[in-house]
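For reference, the structure discussed in these notes is given below.
Chain naming follows the written order as A, B, C and D, and within any one chain the residues start at number 1.
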Amino acid sequence: MDGTGTGRLEAFSDGVFAIAATLLILEVGVDTSRGDLGGQLTHIWPAYLAYATTFLIIGIIWINHHHCVSLIGRVDRPFLFVNLLLLLTVSFMPFPTKLVAQYLQKPDERQAVIAYAVTMVTMACIYNVWWRYARHHRRLIAEHVSDGSLEAVDRAFNPGVPLYALVLAVAFVSPLGSVIMTLFIAVFYLPSAALFERGT
Amino acid sequence: MDGTGTGRLEAFSDGVFAIAATLLILEVGVDTSRGDLGGQLTHIWPAYLAYATTFLIIGIIWINHHHCVSLIGRVDRPFLFVNLLLLLTVSFMPFPTKLVAQYLQKPDERQAVIAYAVTMVTMACIYNVWWRYARHHRRLIAEHVSDGSLEAVDRAFNPGVPLYALVLAVAFVSPLGSVIMTLFIAVFYLPSAALFERGT
Amino acid sequence: MDGTGTGRLEAFSDGVFAIAATLLILEVGVDTSRGDLGGQLTHIWPAYLAYATTFLIIGIIWINHHHCVSLIGRVDRPFLFVNLLLLLTVSFMPFPTKLVAQYLQKPDERQAVIAYAVTMVTMACIYNVWWRYARHHRRLIAEHVSDGSLEAVDRAFNPGVPLYALVLAVAFVSPLGSVIMTLFIAVFYLPSAALFERGT
Amino acid sequence: MDGTGTGRLEAFSDGVFAIAATLLILEVGVDTSRGDLGGQLTHIWPAYLAYATTFLIIGIIWINHHHCVSLIGRVDRPFLFVNLLLLLTVSFMPFPTKLVAQYLQKPDERQAVIAYAVTMVTMACIYNVWWRYARHHRRLIAEHVSDGSLEAVDRAFNPGVPLYALVLAVAFVSPLGSVIMTLFIAVFYLPSAALFERGT
């Protein structure tokens, strides 16, 4: 029964991750009444940047989620609720992503990127609560999982909140810099993460 | 074969739940021609409220659905049809949610929130029929399931229709109050529900 | 390996069915600049009719697909390709559904409903090819499946094309009648279908 | 654990493929303010062509992905990352598809089709890296898989990049020809592909 529990948790979570990531492209478009398509396709590069950054972020959240759930042996009600809050935040991401696509390099870019970074900080906080709730005194951890595996995940989660807090701070000074930093976190996080050092 | 039956029932249902929840964000946006992004991001709080409320409602429907299906050993044609009606109603939710986001705190807010509450009452009624059909004389219940488990689910389903009927009544007096009440139902329902007291 | 084959076939097909059904609601909306929300919510009943009709049609395609695949033991390349054409047609449905929602009871309603009915006829034809390809000389049928089970499915598939052809014919005379007839097919098809009389 | 690994890889990938394919139809629509629906439905044939072409391309990527993953016994971090890049590209496809639908047979059609073809070339390159990474020295290949099966997949992947490069070259001369060529690749690729000659 517990196995079924994590099975459906995964199914719904995977669904939300996949849909949130794929919906991002719906917001990318050109103004068909303006002409000069070639110029417009270059000019909307903030939309490409925002799309790729959020897509990779969601992909990495998915990969981490996948790994953590593989360490979890059972779920309880509070955990399902925190998981729902995590999905709510991920599912919200297309909105600030659209703001970045629409406003980057324009007068209100700072507010747009701050909204984006606040979403990322919120996600990182909820994701940490999610993991720490399951991991605390091995509350939901499967028996066969070694302490080393858990510590590897801890090491992967620890930099999340500080890094995104830095992204938020940078947003006040350089909106473009903040978005590029988020992209770098996504690109470099996966290969360097200790996340997959499975209980070696 | 029956196991396969509930397997695909879950797959399609999970898909609809995840998509309906994730589509909600598509309706949230700002007017890019207006400027003052910071002000607009604050001003559209009814959109955030409507988004979070419906997302949590769908999430809780999903968690309950997941638990109930785990008690069900086989499906038949009428049950699949009622399940389809339930999904039709859940899949409809992004529309009244958009209405609440667009109209709350504006002249026509009452009609918008009534449409929202009517959708919730309809969902609660269909969901009750769905459960009672499966549970009546243990029609579709798996053999290993104890009566105590079924009674726990009954206790969780019983307050649904009256609560949403109250939400609908409040909508006539205070549209905002009605939406906030719906959010509270979602937030407090899960932790307090007897739903997961599995046959103790 | 073959089981994996139908497993992923189901996963992708379920995904397309669930998404196509859930996207339908995105096209339902009101004109926020017009006021009189209560009147508008009544006035857009063709959108509700089109939404419910297509949702149920897709749901029934899904249930039938689910049952047929449970009889299938292996897949081959032509079958995957026909399945892809079936999904292409189902995934197309939100477009003619939107046309019905936009044009019913308006000057161009006939063209809109003809487009809708042509889509349904096309779907029914491809679905028949899909089933007949798998069933012919038990090409892809699992060994344990009785001939009686296959004949029950045949009886369920036989009326599909003629019924939708009639729906198309009616569209020329009475567009509204044609849509209502499609809804009736959906509502009455499932309970009366011989589809689930599993090899009795 | 490894099996779980490819299981969730498939779930997320299937989700993205199914959603990207199904979202395509959202961009197809008519101008309700113009009248002459019958004429418009004929006039927007580029939208149908773009829809069908991309839907089939994504479907074939899915079928190939499905087959390749069935040969893979375990996943590692770089592979997950390349898979994410592949999904990012597939998920991007609705945007250039919309451009083709909007601009084909209009002044800026060349730029639109070039954007479409560049996306296809990029996808083909990443897909080749994806396969070659897994296949090199049988890095991620399951033990039971014969070298013959791998060579069959190689033969299926080899023409991908050159074919799409040709599509891109044709886009400069004949945009419409380029899109039709892409459709032909999709329609003829599957039945002729050596992909499913499983280790004969």
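The rule is short, and it goes like this: contacts are C-beta pairs under 8 Å (C-beta built on N, C-alpha and C of every residue); 3 or more make two chains touch, one makes a residue touch a chain.
Here the structure is a predicted model, which is why all the values come from computation and not from measurement.
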* Centre-to-centre on C-alpha atoms, which chain is most distant from chain A? -> C
* Residue-number overlap at the chain A/chain D interface, same or different (half cut) -> different
* To do: For chain B and chain D, let me know how many angstrom lie between their CA-based centres, rounded off.
  => 36
* To do: Could you grab the centroid distance between chain A and chain B? Build each centroid from C-alpha atoms only and quote it in angstrom.
  => 25
* For chain A, what residues touch not just one other chain but two or more? -> 11, 15, 19, 23, 26
* Based on which chains are in contact, what kind of graph results: line, ring, star, complete or other? -> ring
* Considering the complex alone, what residue numbers of chain A touch chain B? -> 1, 4-5, 8, 11-12, 15-16, 19-20, 23, 26, 76-78, 80-81, 84, 87-88, 91-95, 98-99, 102-103, 107-108, 111-112, 115
* Name, in rising order, each residue of chain B that touches chain A in their complex. => 10-11, 14-15, 17-19, 21-26, 28-30, 32, 35-38, 41, 51-52, 55-56, 59-60, 62-63, 66, 70, 190-191, 193, 196, 198
